[in-house]
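Okay, so chain A shows up in both of these, paired with chain B first and chain C after.
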Partner chain A sequence: MAKKSNNYNVQYGEPVGMIAAQSVGEPGTQMILRLFHFAGIEATVTTSGLPRLAELVDAKKRPTTPITYVYIEDGAKKDFEKVEAIAKKINEVKMQNIVRRFVENFPKKRIKFFLNSQELEAAGLTSKQIASKIEKLFEVEAEADEDAVTVRLQTTNMKIIRNTGVRMMRSVISGIEGVGKAIIQQDKKTGEYFIIATGNNLGAIMDVAGVDKYRLYTNDVFAMYKQFGIESARYTLAKELMHTLSEQSITVDHRHLLLIADAMTSSGTIKGIGRHGLSGQKNSVLARAAYEETVKHLINAAAFGEIDPMSGVTENILVGKLIPLGTGSVKLAMKSGDTSKVKKNK
Partner chain B sequence: MKSDHELVPVHEIMDEKEVRSLFEKMNITQNNLPKIFTSDPQAKKLSAKPGQIIKVHRTDFGNEYLYYRLVVEG
Partner chain C sequence: MKAQEKSYVYLNGKVIGFVEDPISFVNEVRKTRRKGLISGEVNVAFMEKLNTININTDRGRIRKPYIIVENGSSKLTEDMLAKIKSKEINFTYLIRNGIIEYLDAEEEENALIALSEKDITKDVTHLEMDLVSVFGFTVSTSPFPEHNSLARHTMLANFIKQSEGLYSSNFNIRFDSRSYILYYPQVPIVSTSAYRAAGIKSHPSGQNLVVALSTYYGYNMSDAVVINKASVDRGMGRSMFYKSYSDEERRYPGGQKDRFRIPPPTAEGYMGEHVYSKLSEDGIIEPEMEVKEGDVLIGKVAPPRFLEENIGAGGLEEKTREDSTMLKTGEEGVVDSIIVTESTGATRIVKIRVRSLRVPEKGDKFASRHGQKGVVALIANQADMPFTESGIVPDLLLNPHSIPTRLTFGHLLEMLAGKAGSLNGKKIDGTGFITEGKARMKEYGDVLKRYGFDEFGDETLYDGITGREFKAKIFTGVVYYNRLYHMVSNKMQVRGRGKVQILTHQPTEGKARQGALRFGEMERDALIGHGATLLLKERLLDQSDKTEVLVCKSCGSMGYYDYIKRMPVCPICTNGDLVGVELSYAFKVLLDEIKSLHILPKVRLKE
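Right after this comes the complex of A and B.
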């Protein structure tokens, strides 16, 4: 087996990068331009198709629709109630989500928040919890009633009171900042429950008890890079590329995608393919000038006395030399003075 | 050996002897290698210094191989 598979190894000098580019590019032309895909549930819409592919390849800092997959530790993953409790810890609840309206009383230095009891119940919070949270966040006195929270302030300044009220409305009461909705899903094969959350804040989610840190995953490549390092970013990138393509039933060999991911992560950080990424930072002046912004590159090269090592493909085609690919990548040289293998002319 | 995440392969700092034999075998210098920043979470965990080389035990779809990254400042 091993011997047989070794026969199919890539040959020396094979232009693997070009083959990878063509293998992804051709099916890319068949992709639907904009397709909205509902990942089995309502409310989480992920970008897919060509826009997503472009987003990945250009190494955008934030994806348009970041999504975090939170898996639960072995003990609790099949227990719906335990999973629900964790989801509640993650689900971001802002004051404005649970408050019906708020009324300022300027002369008495008070703000009264009227709570929406239905939303309150859905979030699993009580007015007392909210009052104590507000006290902690803003260092003010807060009183809890049945369905209202009254905050006492120190000042009569109307501007400050209004501003504090608005700031309180925007504050995160429970859950993790940066995460939107957390929805519980069930894996049909294994029967385990997991949480899909919009947005991401991996560092904070990891600290939640009961979350399986080993399988935490997000479609935001840069977030993965920051949390787990460049190697995980590479896998995430390849995985997302694969997912985007297979969603539209396009099959591209995984090695092409891994090669692209490898090239994008080889500098230690994630670089896009294009003017500001890989193509714009090539060694050769001529190769860069042949791609985009010709004049800029040539003038800069002339001004700084750059040297072109002539080791790539583009620059060699440009000057009419043999390209260093395939048989062109091998050079023959004779040891000076060694004429033992040369046939002598009679 | 198990890393701390599903998608993170095991990282390991190579000693100098290993590095020298690698360079000789592959006929390369350290500048030919892909890079990893010192600020990278995995490099931080190993407290790697610039100039060292990190060996990565990768597994791609069941295909196990080694990958090397040069530690650079960043």
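Right after this comes the complex of A and C.
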């Protein structure tokens, strides 16, 4: 068995990087540029296809559509109501989401917020809760009516009153900042409920009671890196690459994608492929100059007296040497007629 | 009323005012136009979404005539049609009297156009004059367009543009840079009303061929066609290719000018007596002279590129440079005609037209009027071609697989119609939408039956090679085929070893320079992916720009071999300890260029 599995090992000198690049690049040409499909729920719509692939490979700091998958701890995961409660805790509700309109009364130093009762119900909040939250956040007095909240201020300064009003509208009343549209879904296989939400405030979500910290996942590679470290980022990257490709019904061997993820994360941070990432940090001056910003690299090399070790592919092709790969990676141990390395039998 | 609620009125893109009731305004403008009070070239459109009115009177708009419909009835009455027939009134009369009007793209947005008289409802504003007029010129000349897929129509339009024919009846006195004339162009048996109306009958661009939908020993797989050698010998698809060369006696600052003459042996770049042997005394070739690649057509000498001091000194012959016009690589033919004339700048101009025969050969391209193109793969002897019971041998064998997936059923219908037309000797009208397909099938089938053929066009064919009867009946008919100007003889090119670029010492690219095919980056990647290192080196170095450069062992700079001292020399060191290194010439150029920037690249040597 071991023997057999060894037969499938990649052989020495195999240009794995090139093969991985071709394996992803070729089907990539078939992907339709900027294809969006709106299957599923609103919140789960993500960038897909080529733009998403480019986003991952270029190691963009912020993905265009970050999405967080929140799983629930064992005890509550099959209880819809408990899960719903957690979802409400997570879901960010801003004042402006629940307020129909607000009216300032400058001489009486008052701002009155008229609440939208439907939105209020959906968020699971009452006007009293809102009033106390605003009191806490802004250190003011707030009164709660049935469908309105009145805030009393200390000043008659119109500018300050208007500004606080706007600031209050923007304030987060409940939930976690940056996390929105929490939607509960059921895993068809296990029957457990989990939450899908936009945003990637992992640190705050972890602190919510009942959330399974070990299974928390987001499609934002950098958020995963910050929260869980580089190994997690590597896994996320590979998984997201795989997901983006399989979404377009393109099958690429996972080992190619793992290699790409490995290459991007091997330094301990996430590096994109391109001028500012992997290709821009190659060892060889000639290889870098051949890629992009030729003049910059040549000038720097000249200024610092750089020596090209001639260990890569590009530079050897450029000069006209055999490349150190495949059949070029083997060398004679001994020249003909050179007997200095032969052990002599005495 | 607020200004926002009024509609903007734009005249040729500029705001000229506001209108309170846009619809009645637009209607009023149209009414006066139909009365003939304002020019018929004025178009007005109300854009509801933008709440603007666009009045256009400027040039450059595409406009199309429509019959006006008012209160659910066409203004063009039977009475008028009869008057048109008796030539009492004409088209201009209809326009002047508000029966027909031209709409531009914007006004068309406001119109509801009925395709036929029976489609008219109370909302309809206009009536299409003819259904085919929804297509452009090229497509409306194709027969049975309603039976073909839309994608094929765009292809067909392209093919018709590329077809050879009688493009101009004065071709014999024209000096087009390239032109093609078909030897025996025919008027199609199946034509359309647009074809006749446009008068392209006098400039036909194809021939009616007998086509059998049959395979032939695998020679017409994937869009290849087999053609009959006897048909080719009789002139099928035969054409003449004309190419013009021209040159001018240019004047240069300093009173110097070019001169048409046989270059003297003293001229710089003189190519030897034999090259100029076909030129007459004035340095210009004679008509009806056979020429081949590399022959000089116009002998010309130019003044030297750089002025030298001793010009005129000693009364010696003026120094000149050879600058003749030669026939391009891979071309041959006969000098057809020559004109010598003068340009506006009072310099002499010579134009030479070379003609060469283009008999159909393997690799030439043919297409029918249904977007069905094919490349000749075999020119079969007539004896080897399949033949029908009555002894008809098809001119062309088209693979039946090319029909169903492409949805070009018009091709089949044309075969049937062409066959019927050639039997009863009548032209057939293939204009779109005039009758239903079934009625047409019946019409042509009846003709075929009358002449003793199968009503569906099927025929029993016998293999010309074995003499055996084909098990299946083969659909045979007559189709109008165009010969397209993509021909192998104009494109074919080979190269083993050859020219290299001066700068990089790499092989040249392109047919005109006898170039090679590029071994590009992606091809390079493929070889790397296979780990085929030695093959990669062979392609990119040994068969490209390999050079040997001497490199100094101690300082690493490039040196040279001094043939006088008979020793290698390093420009920096004096010990002469240099070693030959294999490099790509492009890299050597890179090192040289870096050196020119006052940076010293050094080559470190191992071993």
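Simple rule for what comes next: the second predicted complex is superposed on the first by the 325 of 346 C-alpha atoms of A that agree within 3 Å, B and C clash if a C-alpha of one lies under 4 Å from a C-alpha of the other, contacts with A are read in each partner's own complex, and residues count from 1 in each chain.
Simple rule for what comes next: contacts are C-beta pairs under 8 Å (C-beta built on N, C-alpha and C of every residue); 3 or more make two chains touch, one makes a residue touch a chain.
Since the structure is predicted, the reported quantities are computational estimates derived from the model, not experimental observations.
**Student:** For A:L137 in the superposed arrangement: first (chain B), second (chain C), both or neither?
**Tutor:** neither
**Student:** Contact-wise, after the overlay, does A:A204 reach chain B, chain C, both or neither (first, second, both, neither)?
**Tutor:** Neither: A:A204 stays clear of chain B and chain C.
**Student:** Look at A:T327 in the shared chain and tell me whether it touches chain B only, chain C only, both, or neither; answer first, second, both or neither.
**Tutor:** It touches chain C, and chain B stays clear.
**Student:** So in the superposed three-chain picture, is A:A122 touching just chain B, just chain C, both, or none of them (first/second/both/neither)?
**Tutor:** neither
**Student:** Of the two partner chains, chain B (first) and chain C (second), which one does A:V313 touch, if any: first, second, both, or neither?
**Tutor:** A:V313 sits against chain C, while chain B stays out of touch.
**Student:** So, A:I273: does it touch chain B (first), chain C (second), both, or neither?
**Tutor:** Neither partner.
**Student:** Once the shared chain is lined up, is A:E14 touching chain B (first), chain C (second), both, or neither of them?
**Tutor:** Touch status of A:E14: second partner only.
**Student:** Name, in rising order, each residue of chain A that touches chain B in their complex.
**Tutor:** Its residues touching chain B are 213-217, 224, 226-232, 235-236, 239, 254-255, 258, 262, 265-269.
**Student:** Show which residues of chain A lie in contact with chain C when the two form their complex.
**Tutor:** Its residues touching chain C are 13-15, 18-19, 21-22, 298, 302, 307, 313, 317-323, 325-329.
**Student:** Please give the residue numbers of chain B that touch chain A in the complex, ascending.
**Tutor:** Those residues of chain B that touch chain A are 4-9, 11, 34-37, 40-43, 56, 58, 60-61, 69, 72, 74.
**Student:** Please output the residues of chain C touching chain A within their complex, sorted ascending.
**Tutor:** For this pair, the touching residues of chain C are 524-526, 528-534, 536-537, 540-541, 546, 582-584, 586-587, 590, 594, 597, 599, 604.
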